[in-house]
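One structure below.
Going in written order, the chains are labelled A, B, C and D, and every chain counts its residues from 1.
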Amino acid sequence: MTRKLLRNKVVLVTTSIILITILIGAFAHQIAPNDPNEASIINKYSRSSDEFPLGTDHLGRCILSRLIYGIRPTVFLSLFTMLCTIALGTLIGVISGYSIGIVDEVIMRICDIMLSFPSQVMILAVVGMLGVGINNVIFASIMIKWAWYARMIRSMVIKYNNKNYILYSKTIGTSRSFIITRHMIPNIISEVIVLATLDMGWVIISISTLSFLGLGVQAPTAEWGAMLSEAKNVLSTNPSQMLAPGLAILIIVSAFNLLGDGLRDVLDPREV
Amino acid sequence: MTKYIIRRILIAIPMMLAVSFIAFVLINLIPADPAEVALRVNEIIPTDEVIEAMREELGLDKPYFQRYLSWLWDVIRLDFGNSYINNTRTVYGEITRALPATLRLASLSLIIVILVSFPIAIFCAVYKDSFFDRFIRLLIFVGTSIPNYWVALLLIWLFSLKLGILPTSGNEAKGSIILPAVTLSLTYISTYVRLIRNNMIENMTENYVFYARVRGLKERVIIIKHVLKNSLQSCITALGMSVVQLLSGTVVIENIFSWPGIGRLCISSIFNRDYPIIQAYILMMGILFILCNLIVDIVHHKLDPRLHGGDIN
Amino acid sequence: MLLQVENVYKSYSKSCGIIKKEKLQVLKGVSFKLHRSECLGIIGESGSGKSTLGRLIIGVEKPDNGNIFINNTNINSSRGKSIKKDVSVVFQDYFSSVNPRFKIIDIISEPIRVYEKLSKKDTTLKIINLLERVGLSKKFLSRYPHELSGGQLQRVCIARAIATKPKFIVLDEAISSLDVSIQVQILDLLKELKNDIDISYIFITHDLTAVTYICDRVIFFHDGNIVEQVDNIEDLKNVKNDYSKNLLQAATQMNVREAIYENQRVS
Amino acid sequence: MDFKDYKDVVHIIRDISFSLKKNHCLGIVGESGSGKSITCRAILGLLGKNFNIEGDAFFEGINLLKADKRRIRRIRGKEVSMILQNPMTSFDPLYSIENQMIETLVENLGISISEAKPLCLKAVEEMNIINPKVVLKKYPHELSGGMLQRVMIGIALTLKPQIIIADEPTTAVDSANQIKVLKEFANIKEKYHTSMIFISHDLGAISKVADDIIVMKDGRIVEQGTAKEILNSPKNHHTKYLIDTRKSLVDRFNYIIK
């Protein structure tokens, strides 16, 4: 499996992009050339120089440093959101898939109701009620997404439980732990990983959108969506301000989408 | 058929009640006392007495479930109460004032989406792996990876600032709807094209297409009459639901282009903590979503003989 | 008595519409017995409930009513676990019968791991032995299922089924998806195994010709009921039930000997 | 009429040459993966662009592998009809049987819809389907596989083709009904005087209807000749193997019911 992963160029390249981004974000303190929040009015809108490789913004803050520090809220929080969503979704999905009757029925009806709001509206609703802030945005994102995953995983559990090879294992009395760890989990995990990777792009965009609207990460914290929001205000005078954060989002989201497609190919057992 | 519709509607009603209940409960999740908020936003100093009076006025002193029922009764009569910000204005009035602009924007976008994505998707499916198909696939990929508010900024910069042919914002100037509508449609075009293209390609490998070729039918007939109809059949749910998504997707676009629609109203209400408006917005979108679902299901049921086949037998 | 099925009923609730549910009676009081080292054929057309019966016998589903005993132990009682070793199964759809992520060696080692504590080396030796038993060589060990043909994969499934030395194997349409020539090869293999090791088969199929090739007894199954039982396969020509007669007649017409070319033309 | 071809379909089949005589039934037998279906699809231009086909296939003097698409399409509908293995998935689920029959007749016979309607009814009636009018109004999912197969045959016969190609028509059928299907085909040949290519993995089925037999293995023809020759005195060992395996089944059966 690992060899197959390494042989796939798309997977290799996108994984490195994502890993490097994460590392840069983790060591932002060491890597960033300047303090992202240090404003100096004299230096505002300066062009790229040795001190400010990508220039400065309307408050004279180093754009590169802000981009690097911006990885933390944008990418890390999206990853965190996704992990929580999957954990919650898997837990509830598995419970629902293995239990029959009333428990399953109740969980599925709750999922129905959760899924009966368009996702954006639900996030707005939660943020609107609980107040502006990134914590509430993350909470809202998890709230609306878990139901979708729970439903997916429930149907996977049911699907695999009816596969002949699991019926065979049950027939000869293979232990439940073997069935779950060797048959169930590898199959479900690989499907979930693909779905989650493809969904990561959506989460990144959704969180940065809310920050762009001013509902998520608050100034002066560096965040890509929030940076674009600031760039929007000076669009007529300094349009180049919007390039760096926009490209950053485009690259990281593309990386996740490509990785998802690549993983789908690699994890399909029929692919040689 | 009628039986199905009735049954489907009967299922939609509890869903709507659940949605309304969520909308009602959400407002009670507010960390602060609604009465106090209502006073603060009107710059009245909240003494105990005034709060008490306000609570009574808002009906907050009654038991929870009773409040829900009376609220629901008001809602059914389209009475959502008054805005906290401007006590003289009703929520209903605020929403109906903003709604036409949003509807205009969303419907133009929908038209663009349909006109653009269908021909492209069909062409890509028929000429799979051609240069055109690969080019479109690249565009679709970029389209799904790009945040649409950034696209909006790029378009404003290009068409309004650089070329100066279209207005940047508002809805008074001529042609001001073009940029927001195009931006809004771009995301959905890539979703639609991908959905229909992949579905058609999948359908083309089906045995009935092979048999249609065996029967000597023209390729054009096979694509339009058989493949396309079957693909639309299987994406009808996704397509129907995107109408609601388009409406809720206006939130971002309206804010960038200062389009005086319902999305902008919603965001400003969030900043102003104008809870009744937020509540009404959520409720409206939830109900709309359910209704859309209902219509899509009924249409789906009507078009697919496999679903209503039981009645004929 | 190896297997005893007593008055078994089974129904499925078929959801029609969203709220209403309809009961679909699949098995309507089925009873029969299986003796040691015999092959019992269960023949019926698709939808007659014969596969459901198979699923009840292997214990992956429970009957609504009635009991199934293996070695006089009720398989759905608390002691039911102990007789799992005595049962095995081979399905029609060989491709979904094996985990596509497993190599052949992993597939066959699953049952061995359950019942025998063998070292890794011994397990491999045993697997090679089993593969040779079913006519495959050890070069298949590290292949994946999608690299094998249907006949080869079905052989792997049989190897896996005999790995635990079960008392009987349920063959659920095990040859129906294969070409005729491969069907005969598999049937020959099954016969050979039966002679070598003391084993019984329940051979579920829709093909009467295959039944006569391998079975000692046959049960005609129609619409959830046993319509006729033939206790000695040589008495097959004397069936009385209309349904069984029809099947027999159709098979007779199909099986005119090829060598006599003129005789077997149909018109 | 004459089929002569030599083709190379990405090494799926190689060097296949055979001819089909008028009013004869040619049986092609081989195990799965031997390339028997591919051959027939290649002749009718039904393979995708990914296949590279070389050689010639003549139908009444027209080279099917070199002719333009339109012409092949016309021949495919009108002159050479095909009956597929999975009737259940061969019809478009969204249209009624009648609709799909009419569209075929209108396209290939150049008649109007109102002219096509009685032909449909006649076709279904001739296939001994009970309640023909009701059946026509049904959708594919409401009919059984056997019924749909008869509709398929009905469509083929109404077009009065020169050749009917039947691709594994007995494989998806319960063994009790196989003989019925075979009788149907034997009937067609007698009554309509069409030529036929009958593809199957089951030598038993082939021998019931074929006049000439081709035995295929791994994309090559290993033996061909009249049915009598092949069945009575096979020369190739693969043919012998196919006959022997089948014979052992049949002999046991006949021994028991004698």
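Observations on the structure shown:
Keep this in mind: contacts are C-beta pairs under 8 Å (C-beta built on N, C-alpha and C of every residue); 3 or more make two chains touch, one makes a residue touch a chain.
All values derive from a computational prediction rather than experimental measurement.
Compared on C-beta pairs in contact, A-B and B-D come out with A-B as the pair having more. When chain centres are set by their Cα atoms, the one at the greatest distance from chain C is B. One inter-chain figure worth recording: chain A and chain B are separated by 23 Å, centre to centre, where each centre is the mean of the chain's CA atoms.
Once the centre of each chain is set as its mean CA position, chain B and chain C turn out to be 53 Å apart. Averaging Cα coordinates per chain places chain A and chain C 48 Å apart. Residue positions of chain C with contacts to 2 or more other chains are absent.
Chain A meets chain C in the complex at residues 163-165, 167-175, 178, 182-183, 186-187, 269-270, 272. Every residue of chain C that touches chain A in the complex is listed here, in rising order: 55, 58-60, 81, 84-85, 87-89, 91, 93, 96-101, 110-111, 113-114, 144, 146-147, 160, 164, 166. Chain D makes touch with chain B in their complex at residues 44, 46, 73-74, 76-78, 81-82, 84, 86, 89-96, 103-104, 107-108, 138-139, 141-142, 152, 155. By the touch criterion stated above, chain A contacts chain B in their complex at residues 112-113, 116-118, 120-121, 124-132, 201, 205, 208-209, 212-215, 225, 228, 231-232, 235-236, 239, 242, 246, 249-250, 253-254, 257-258. Only residues 206-208, 210-218, 221, 225-226, 229-230, 233, 303-306, 309, 312-313 of chain B touch chain D when the two sit together in their complex.
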